[in-house]
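Accompanying notes for the structure given below.
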Amino acid sequence: SNDIYTKGHPAGVTVGLAWTAVGGDILFIEASLSKGKGGLTLTGNLGNVMKESASTALSYLRAHCSDLGIDSARFDEQNVHVHVPEGAVPKDGPSAGITMLTSLASAFTGRRVRPYLAMTGEITLRGQVLPVGGIKEKILAARRAGIKDIIMCRQNEKDIDEINAQYLKGLRFHYVTDASEVLEVALAKK
Amino acid sequence: SNDIYTKGHPAGVTVGLAWTAVGGDILFIEASLSKGKGGLTLTGNLGNVMKESASTALSYLRAHCSDLGIDSARFDEQNVHVHVPEGAVPKDGPSAGITMLTSLASAFTGRRVRPYLAMTGEITLRGQVLPVGGIKEKILAARRAGIKDIIMCRQNEKDIDEINAQYLKGLRFHYVTDASEVLEVALAKK
Amino acid sequence: SNDIYTKGHPAGVTVGLAWTAVGGDILFIEASLSKGKGGLTLTGNLGNVMKESASTALSYLRAHCSDLGIDSARFDEQNVHVHVPEGAVPKDGPSAGITMLTSLASAFTGRRVRPYLAMTGEITLRGQVLPVGGIKEKILAARRAGIKDIIMCRQNEKDIDEINAQYLKGLRFHYVTDASEVLEVALAKK
Amino acid sequence: SNDIYTKGHPAGVTVGLAWTAVGGDILFIEASLSKGKGGLTLTGNLGNVMKESASTALSYLRAHCSDLGIDSARFDEQNVHVHVPEGAVPKDGPSAGITMLTSLASAFTGRRVRPYLAMTGEITLRGQVLPVGGIKEKILAARRAGIKDIIMCRQNEKDIDEINAQYLKGLRFHYVTDASEVLEVALAKK
Amino acid sequence: SNDIYTKGHPAGVTVGLAWTAVGGDILFIEASLSKGKGGLTLTGNLGNVMKESASTALSYLRAHCSDLGIDSARFDEQNVHVHVPEGAVPKDGPSAGITMLTSLASAFTGRRVRPYLAMTGEITLRGQVLPVGGIKEKILAARRAGIKDIIMCRQNEKDIDEINAQYLKGLRFHYVTDASEVLEVALAKK
Amino acid sequence: SNDIYTKGHPAGVTVGLAWTAVGGDILFIEASLSKGKGGLTLTGNLGNVMKESASTALSYLRAHCSDLGIDSARFDEQNVHVHVPEGAVPKDGPSAGITMLTSLASAFTGRRVRPYLAMTGEITLRGQVLPVGGIKEKILAARRAGIKDIIMCRQNEKDIDEINAQYLKGLRFHYVTDASEVLEVALAKK
């Protein structure tokens, strides 16, 4: 079955879109919190650029926590663990940046991520969303997996325009330029 | 003799199934606790992916400790050591994830792992159990070692279906999708 | 559109000029602060020399903080994160030194960087601004991006003199020898 | 002279058996304690597997300290240094595990190791003693050095059975399966 | 102009002499202090030997601080940053040892380094000044830069004797054997 | 001149003998102490085996400090820096072990090392002195440097016996088996 949402996902889990040697794929970004001193653990066979994405997303979230009603003190009193299954597959690149941000924001607020939603886009420290590559392959993979909503950078709209309409049937696109828009679309009301 | 349970194992020891260059094999995951500050020591010639498995399993256990009646404060007041004999053999990959979780849960609860049980499967941070490779070779090795119960991912059931029934005689399979099911099957009542 | 200033930038963001394998380019240096103990996080696929630039700029700022009305205690009570998008592109070299200083000074003072301004130049620990290479390519890239003011080292003036005047139309140059002059030109009044 | 015991050894020193490119050899494992915070220093040109052996042996000892009358608080109030002369020779492998345990236990209890005793065997975290290779060469080296008692894993008995009896004259073998048996044989009464 | 002293240097800046692939050159060693816990930051694309020089110079200064009227407590209450522009050029070797010492002593005492002075020489932990190579090239570079006084090891005097007198015109040499002599020559009265 | 003792050495300095690609040489081991928390800094382009020698010598000294009248608390309240000039020359091997011990003991006791004395020998954690190579070349270098007394391992006596007597004229040998003998010969009365 293509339905990855049969059971729903707990808060802290977001679907990202990846571009691999063998085509597009979906991946999950899992974030969880525990009592601690602000440590950040990153697992899932991640390269340095992808690890930096997580660090950047966390700094952005911390700087904008009051917008989401997160007490800033929690960033010093909790440890964050971000994991990307599947451990046997090396992963790298900045395109999971907004996906990481969404998982972090979901874990800190306890608000689940909207179902049937996937996303891809680089995040910068000030919250800009940057365009990424492999859009066509990612879209095909999202549809195969039963995804209905996709968030990406406004500058990637031109890549969607080049895709044959039949491959886009049933997909709704949310083009954004700022990280705050990502979270507005992605996080369910509590 | 094939009976690896003559003397029984103390709490913290679980049998895993490995797929090596020379076929399937069983391996032991040993976990022990000591007074400390939440440190995690990993030994046994483990590669990075396998080390990340242990870290992910520990984070999962910590996030779900109340389900098992473990006081969450203990994760900050104890050090954890996970060892995988035999030190001369390099080991890697994510497939020992649920085995590591079981050893950790056994060590923290003091509940022994059910005898004649082995397991193989990747664990994710939110507790999903993912399928792994080398099932046929692992099953043969388990049987040679006197194992009677095997836990694996529901998605690996298709690999069992392809094995000639004569090699499965005396084996009982427990297909799971979530880490909580692993612990329910694996941990003996106290 | 070439106008990178449609929305304006928050404090902590400065435009730098880079010289890459495929010509000149603009890049953004983003700095943000959070409560902490004086830690410095550097992301964006930066090489060691570029990381050392950030460290040098921060030490300079700290040593001269009273000139800018920054309480020196803040350097021990805040963490600094400096990020340079785009994560997929490796970046190195000392030429972003004054750009990093400006972003840091902007973040600590809350004063925004003057719009339509870009800069390039190495910084030393005592605040000297040193000349850098690739000036012609950097100038062309700045103009394409809608930049109007450019700060660089006085010793790079000779490189500007060699550029055909038509490529310089609409650009105003600020030649400096000391870091204090950079900040005087770059930081808007609060 | 072959007598390595003319002067006796202080507590903390155990004779191990090594298998090198040029045949068997004896080696000394020296452990000493100092006031500290539970640090572990390992010297003597040791590879990672051998370092992990020491870590595993120390965790085992800590978990079983009450059996030996060692106050568990000491593991947090002392630093441990384990050294293996000779520094010019790289050493690796898990076969010194029980030798390391014995030196550590001797140092913590102040009980000397029985003279004319050598040993070889891997240790696991739960205290299992595992078989090792190079038994014939190790035995010859032990005898040349004047050793009279040898501890090894019960599973290595078959290797002794294959050695010509004349090479075993004057040697007494102690076959063990658990680390507690090693210490019972090795540690002198105080 | 060759005059590197038009504006004078603040305390903490010393001119060294380097021997590079393309001949002799002058370089600046910049030291600055900030409130801290005794940390040492080294930047400027320095190799390990050059970093060790800085560490050795700092230990020497600390051990002899009372000779210079420096309160020893300051070494635990301040962080030290030593930077060597230009970041794009890799630098290594021990010959900047006395230059580093001088910058450190200047920064800690607030006494400026005498103008038109350069130096080259290795320093040892007990304060010996050792001879270095490339003297002829270094002298030519110093003269081109307008240097008038040069400090070097007494054992390098023989290298000066071999240089044609016309290249030495206007240069005054200070041959030393101990680090205390370096500081006596180099540091201006407050 | 060959006389390396014209000025005498301060406490903490010992002459060692090295065996290099171009023959024997003398080297100095310098140790100095400062207020701290027991840190150990090693400089002078030292390889790992030589660094381990220093660590082993320091642990030995700490364990035997009362024999020398050193208050054991000082090992936690002082930092130790050991430096071996000349930084441009890589150095490695265990043969400077007793030389390092002597410098450390000299620094901690304030007792100077006897003049015209050199030494070579590996040290073990329990204080054994082990034989080293290159004896002939080291002896020739010692004599050229004006050395009169040499400490080495008793097992190296056979190497001295093989040297033509004319090369030994004026040299006195002290053969030792234990580190305590080294210090007895080497340290001057206070």
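For clarity, chains are labelled A, B, C, D, E and F in written order, and residue numbers in each chain start from 1.
Note that in this section contacts are C-beta pairs under 8 Å (C-beta built on N, C-alpha and C of every residue); 3 or more make two chains touch, one makes a residue touch a chain.
For clarity, every value in this text was computed on a predicted model and none was experimentally measured.
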In contact with chain C and chain D alike are the chains none
Roughly how far apart in rotation are chain A and chain F when fitted on CA atoms, stated in degrees to the nearest 5? 180
Answer with same or different: of all residue numbers used at the interface between chain D and chain F, are over half used by both copies? different
In whole angstrom, how far does the Cα centroid of chain A sit from the Cα centroid of chain C? 30
Rounded Å distance between chain B and chain F, as computed from the means of their C-alpha atoms: 52
Could you pull out the residues of chain A that touch at least 2 other chains? none
Could you list the chains in ring order, beginning with chain C and heading to chain E next? C, E, F, D, B, A
Provide the residue numbers of chain F that touch chain D in the complex, in ascending order. 48-49, 52-53, 55-56, 59-60, 62-63, 72, 75-76, 93-94, 97, 122, 124-126, 128, 130
The chain A residues in contact with chain B across the complex are 9-10, 12-13, 28, 30-35, 41, 43-45, 81-83, 85-88
